[in-house]
Amino acid sequence: MSLQSYLVISIILFCLGIFCVLTRRNAISILMGIELILNSCNLNFAAFSRFVTPPDDISGQIIALFGIVLAAAEAAVFLAIILAIYREFSTISPDETDTLKG
Amino acid sequence: MLSLMIFIPLLGMLVVLFAIRREQEELAKRVTFIVTLIPLLIAVFLFITYDRSASGHQFEENMMWIEAFNIRYHVGIDGLSVTLVLLTALLGPICVLASWKIEKGIKAYLALFLLLETGMIGFFCALDMFLFYVFFELTLLPMYFLIGIWGGPRREYAAIKFFLYTLFGSVLMLIAMIAVYLKSGTDDVARTFDIPTLIELAKTPGHALADPTFQIWAFLGFFIGFAVKVPIFPFHTWLPDAHVEAPTAISVILAGILLKMGTYGLVRVNFAMLPAGMDFFCNGEGTWGNSLAILGFINIVYGSLCALAQTDFKKLVAYSSIGHMGFVLIGLAARNESGLTGAILQMFNHGVISAMLFLLVGVVYDRAHHREINGFGGLGSKMPIYTGITTLAFMASLGLPGLSGFVGEALSLLGAYSKFKMLTILSTAGIVVGAAYFLWTLQRVFLGELNPKYEDIAEINGREIATLVPLGILTIVLGIWPSIAIDMFREAVSILPLVQ
Amino acid sequence: MPNIASIPYFIPEIVLVVFAVVVILFDLASKKRGGEGAAYLALIGLVVAVIAAIVIGSEDRSLFLGMVRLDSFALFFKVIISVATAATVLFSIRSVELDPATKGEYYALLLAVTLGMYLMASSTHLLMIYLSLETVSLTSYILAGFLTHSPRSSEAAFKYITFGAVSSGTMLFGISLLFGMTGTGDIMLISSRLGEMFSQGNVYPLAVLLSITFILAGVGYKIASVPFHMWSPDVYEGAPIPITAFLSVASKAAGFALFIRLFYSGLQSADASVDWSLMLAVVSALTMTVGNLAALPQQNVKRLLAYSSISHGGFLLMGGVLLTSEGLQAILIYLIIYLFMNLGAFFVVILIANEVGSETIDGYRGLVSRAPLIAVSMAIFLFSLTGLPPLAGFAGKWILFAAVIKEQLYWLAIIGLLNSVVALYYYVRIVKAMFLETADDTESLSFSTGSLVLLLVFVVPTLLLGIYWNPLYELSRASLGKLMG
Amino acid sequence: MPIVPLISIILLAPLAAFAFFALLSLTGRNYSRQDLVSTVAMLIAFVCAVLLFTNVVAEPDKLSHDGAEIHSLTWLPLGSVNFSMGFLFDSVTAVMLLVVTIVSSLVHIFSIGYMHGDPRYPRFFAFLSLFSFSMLFLVVSDNLLGIYIGWELVGVCSYLLIGFWFEEDAPANACKKAFMTTRVGDVGMFIGMMMLFTKFRTLSLYGDEGIFALASNLTAGDMTWLSVAGVLIFCGAVGKSAQIPLHTWLPDAMEGPTPVSALIHAATMVAAGVYLTARMFPILTADSSLVIAYVGGITALVAATIAIVRFDIKRVLAYSTISQLGFMMLAIGAGSYIAGLFHLTTHAFFKALLFLGSGSVIHAFHAAHHAHDHDHDHAHDADREDTDTHAAAFDSFGIDPAQDMRHMGGLRHKMPITFVTMLIATLSIAGVPYIFSGFWSKDAILVEVLYRAISWGSVHHYILFGMAALAAVITAFYMFRLIFMTFMGEPRNQEMYDGAHESPLKMAIPLIILAVLSFPIVNKWSFEKYVKQPEQPHIHLPKHAMYESGQGALQAQLGISDAQAAAEDVHHDDAAAHHDSDHDKAHNIVVPLSFVIVIIGIGLSALFYYWKRFSADAVAARLRPIYTLLWNKYYFDELYDGVLVALTVAGSKVLGLFDLRFIDGIVNGVGVVVQAGCSRIAGWFDNTFVDGLVNWVAKITWAVGGRIRRVQTGMIQNYLLAVVGGVVLLILIFRALF
């Protein structure tokens, strides 16, 4: 497979993620969308380090690894906050957490 | 010397703020009065010792302030500024006297007033563009509070209106000023804010500053900045509100000094530093050649007619100021000796006369608690002295020969006529209307049957007379022998880029 | 410089980490919870870190195989950030809204954020950039939501993290593209490679454009520039006031540090094909206008200040679009000044919130009669934010516009200055409330001397820096170092 | 005699008197004997004036206009342009000084009696002094600026004195009217000055650098603007001398105390206009002269006709003054400087006399009228009268009985002195030949006009001559009407008649002195020798003839043989001869004519009012339309009040609104656009932008701010949408750009 195909996939992933983030009416689904975005990035890095950088340079893959770790951390925090939201609003629909506005 | 004069009031402010307890109001007033006397003394001293035969600046102080931008603390006075400095310093104590009656927060009031005085004196002394601008803006804050806190019913509105208008003007001015600074040199050749230097550079052919196109744009920037202050139609609508709402002493300062800051700026910057721009707007040719004169004409006629329509004593005086500033403008536009001399003289005289007028309005307002012209009548029989002084002020203001108002107006018009014949002739209508509204007011307030409401209205008291007499004397003296003033700035005028 | 050798130059960061841990342990150990001990520990930590940073000095070094860079630029921001954090700590001590029980973690987190910001200021590798950004973000999310049992706070945190995650994700995608084009993460290399590619012409402008725009999404979210600003009003309003102050100053500063590093030492050469400076100019014009206009109708002072800080972000951004050292100097100077006046303003907000219990403008009515000193200093801060001489704000504005006009971006300058007129209007609304209107209840408020002293710490510089700001200029020039070629 | 010190004293004495009053009143006190202070000051001035006149006597030729002594110093040194102030002393100045000081002194004395008991007695004299100073300053100034200054100052004094009894509405209105009307003329004068200044870079009149010297070199090309300038300057005179169309203020000015009317509105200030025009003589061109002549002629006639139907004794005199001033203007316009000034001096005396006389009558009558109540400022009431110019009713309604001639009659028995003196003055103004000064001056004018007509064959001058002659007849008529109705016949109002009494001595003396001065001795003596006619370089008559005419005219009447005149310039024999022949023609026609005039005039009025052969009312009834027209003074006031004033005030009101709404109302325009732009935020624009650009800007920005707020929905996904949208937009835009 060529670099292009990877890129195409990652773009698709990215767009799906954005779409998901924009449309879902549930905080968890938004979190999933975010994960999609991050993963599309990681895919990019991996692909680039495979096709672009010289074989002995694996910085791309390392970045991807860090990316995964960070995604995990972010997910953790996100879930914690969702819990707080649920405690206060007894819902996790992003539309109903709109007391701050204007 | 100058620094002393500039910063003594500031010092006084600190004293009033921190050294005097809240309840010692009398003390605060006395201290302030004395503090304001010091600049007056210095100003008088300067006025006497000023070398009238020299054209340059005198009593200069020049030291580096902010190396990064070659901003210097450079103050000095030439004939132009010394008269206005004197005026400012003179109005200082007078206004303190006029504010004697203020009850609420007198301490803060006095402190702000002193800050204001620092700003005004500094502005007239500054020879560094940056310093100039800083002082220019420095007057805004105290003014805002003085109007906003101690003003009349619509004070908040008037204060913010004044504030926004002036700031709007001054930001455009800021741009122009930075542009001038940047043009004054290159990364290799040091740039400068030094006004005299800039004036020289603007004259030297081939220098970036001398480029006409640039000067025209810079002119516009500065002009709008000052036009708001003057105020020039159509930037004038803040003035009636501000004047009407402001307490007496502050109206005096507004009309007496702040308006002059605008015209002074026009002379100092637009006229002296941007000759090409000036030429573009008043060479009498092309689409724009008459614009300045036209604005002057509009100010005169428009202001006078509006004044004629007013029934609020103070508003009437305010609009009359707009009219009188028109004479300054048209005199400047003429760009010849008599026009310019007239304009500058008019600046000073209007400072004195309008100050008198506002003080007089204040006197009657303190007694009647309203300013509705038609609400008075026949006061002449109850308050002969007040009537006399008012008549004097009115006559001076409507340009009665023998009083100071006349000389400035006459010279401005004489000068203007040689360049803008039609406009000047039309402007003379302002003289008639001016007479009309003042006489009409005189009649409605002082003549005719005494309004029974004021059977026992009190005659003007000693303190008020004390505030008025010095101004009255000035009015008469300068009317009889204007050379006293003119000698001061003849040289300064002669080095300006005149066009015969 | 290899890893081991780098460690001595990494002491400040290490200090922060250590103290973060210590704070937590202390908090666990100490019998009576919610004492101020943790706070003072955190303060000590900050002081030590800054001292260490200064001692280590600022001649250029590239640490950890080019991951982070040690230079005067980084040092400058480290100091700024530390000051802001210290101020935040002091605010937090005086803030009543924070739950004493959890203050331990709170201060630990503050130190963690500071660490992240240190790295943001000094990282020179795409990976490091992303990591530091996330470190700061994640901790900020938590801090924003730190008020337990406060719906607003939780909501703020939720919006903050959602927004942050998406935009940082977007940024990461941009980074990945950049990485792909240049095959390296080291921004110095990136700029040189981009340069080569442009000279050889084998480059996809669209790709560059995409990556830059995506990266901008991340950076823009940090510095709250339109259209990536929308999280900030809500978060600022919901978060604890000290955190709001912290975000509005420190986080912005760090964001600008990152921005400058990335765009000036990394992507400057890309400006040739993708005119990102113009892009940013437009963004900055939009940012200040939107910020100011939206601030006009606000009643909640916190929110009003949030919008005002958005517009100030726009101001700062003006300096960043000029590609000149004057522009960057202007940013640095403005940041210093902004630090004092903005933190000062927020501190007053805290004091009023504590005493009057109101965050709305009405809470400020007649303040001058109730607490003259507070009112006057608030007026000073606000007028300084407006940029009136002779206050510090004017100096900052002045230098900024001098730089802009020098590049002849007159349109930008005019927009900016007209904005400052608009700004006056809403700042004055508060002043008006404090001075021109009368209080409903007139008993005078009392404040601890500590608070007043702390207030003066912000007032005095705001006054002095307005009168004499030459040192700032020198400092900024020095701090810029070799950043501009 | 040293000139400068004397003139200085003349000026300073009255000024000091005023200053004394002013400074004192700052302290809130008045010196009750201000009258003495002022009067003494005036007498001092008078003495000085006499002394000065001796200079003229000493060297008559030297002090003619071209030998005028000028002592000036720089007043406004602007650098290249300088304005000077100074004294001009020539024979004319000397005469004017004499006239002013004499009349002023006498009026002072008269007032001591007349104003006695007025609450503002001191102030009255202070104002008189100020006026005298201003008038004298005007007379001695050597340059236009100085004249203008004095000019405006006398205007103010007149304002203050007319409005002296300001509690009444009538005086309050009258003084404003006077000031405004004259001010209009003054602006014209000022414009004229601007024109001259722009051309000559100076406002000094005499000397090598003076306007006259420079103007004499002007070429035919400059005539147009010179004429315009001349006429504009003359506008000032029209205002001050109450010439048509600016004459309406003078009758109303009668609201002032009668001595004021005598001094300011008969003898001096109103004559200043004539003086100015005379001073401008050398720069008058043929055209401007003609304009002046016509204005003068028309005024003379019209005013006279109005005077016929007045019943208020002071009003009659006021219109007669206007008419006489018209005569003077006519003379100068017709090119006879001397005749004009000559009539000025003679008129000054007899008209002052007439006013003071009427004053004494009113005084007496008033006392009678209020025999019962002794209210203090009786003189004040004495001068009350309606200024209701719209009172078309022909009855006496509104006229103060004390001034209504229909209440008088037969007073000659009660007030012999007043009667005799006033009779003399009347004979003089009527121009009874040879014995009375009025004859000489008026005759001189008629001769001059006719002479122009003949020697130029100019129709204009024939017409003017006709007007003048007619006016002369009417003058004789209405003046004797006044005498008959007041002093002759039987008392019409017995009760008031009984109360009447001769005025006290200090009022009578001035009358007597003035009566003496109404005989030609003084005037002839002062004029025949000393006043010489300047040249008019721009009126292209044979030069010497031009120069001669004034002289010749006078000599002719003074019975000096023409041979003498010719001898004065032998080198122009033929021309002189030629002009003399024309002149004799004129002279031979006029002298007999003036007999006819007097006879007709006096005869008619005698028929009407003495022998009662005809009934005035019957005639009035028959000629009702004309009568109405005259009674309403040709509706000038209605024209001005109704049209001009109304328009101005209305205009100003409009502008006032304009200022309130429009400058704010650039606003509405833009506002509407914006509204259309974002119609959904119309809510923001519901309340109209009442006040000011600022409000408007505020509203707009607020509105926009409001919009932006609403974008901030609080829903996170909208924010994210914004992010994505923003990114996409940026990409698209910059993709398109690059």
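Note that the chains take the letters A, B, C and D in the order they are written out, and that residue 1 is the start of every chain.
The definition used in the following text is that contacts are C-beta pairs under 8 Å (C-beta built on N, C-alpha and C of every residue); 3 or more make two chains touch, one makes a residue touch a chain.
Note that the coordinates shown come from a computational prediction; the quantities given were computed from them, not determined experimentally.
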For this session: Give me the chains shared as neighbours by chain C and chain D.
Result: A, B
Problem set entry | Taking each chain's C-alpha mean as its centre, the one farthest from chain C | D
Seminar exercise, completed: With centres defined as CA means, the chain nearest the overall centre is B
Exercise. So which has more C-beta pairs touching, B-C or A-C?
Worked result: A-C
Seminar exercise, completed: Between the Cα centroids of chain A and chain B the separation in whole angstrom comes to 65
For this session: Would you mind pulling out the distance in Å between where the CA atoms of chain A average out and where those of chain C do?
Result: 26
Exercise. Measuring from the mean C-alpha position of chain B to the mean C-alpha position of chain C, what distance in angstrom results?
Worked result: 44
Problem set entry | Mean-CA-position distance for chain D and chain A (Å) | 97
Exercise. Going by the touch rule set out above, which residues of chain D reach two or more other chains?
Worked result: 709, 712, 714, 716, 720
Exercise. So which bits of chain B are touching at least two other chains?
Worked result: 160, 164
Exercise. Out of chain C, which residues touch more than one other chain, so two or more?
Worked result: 158-159, 162, 166, 170, 233-234, 298, 425
Problem set entry | Contacting chain pairs - touch in the sense defined above | A-C, A-D, B-C, B-D, C-D
Exercise. Once bound in the complex, which stretches of chain C touch chain A?
Worked result: 126-127, 130-131, 134, 138, 141-142, 145, 148-152, 154-159, 161-162, 165-166, 169-170, 172-173, 175-177, 179-180, 183-185, 233-234, 237-238, 298, 303
Seminar exercise, completed: So, in the complex, the side of chain D touching chain C is made of residues 698, 701-702, 704-706, 708-709, 711-712, 714, 716, 718-720, 722-723, 725-727, 730-731, 734-735, 737-738
Problem set entry | chain B residues within the chain D interface of the complex | 157, 160-161, 164-165, 233-234, 236-238, 240-241, 302, 305-310, 337-338, 341, 378, 380-381, 384-385, 388, 391, 395, 400-402, 406-407, 410-411, 413-414, 417-418, 424-425, 428-429, 431-433, 435-436, 439-440, 442-443, 446-450, 459, 465, 469, 481-483, 486-487, 490, 493-494, 500
For this session: Going by the contact rule at the top, pick out the chain A residues touching chain D in the complex.
Result: 18, 21-23, 30, 94-95, 97-102
Seminar exercise, completed: chain A residues touching chain C in their complex are 10, 14, 17-18, 21, 27, 30, 33-34, 37-38, 40-41, 44-45, 47-48, 52-54, 57, 59-60, 62-63, 66-67, 70, 73-74, 77-78, 80-82, 84-85, 87-89, 94, 97-102
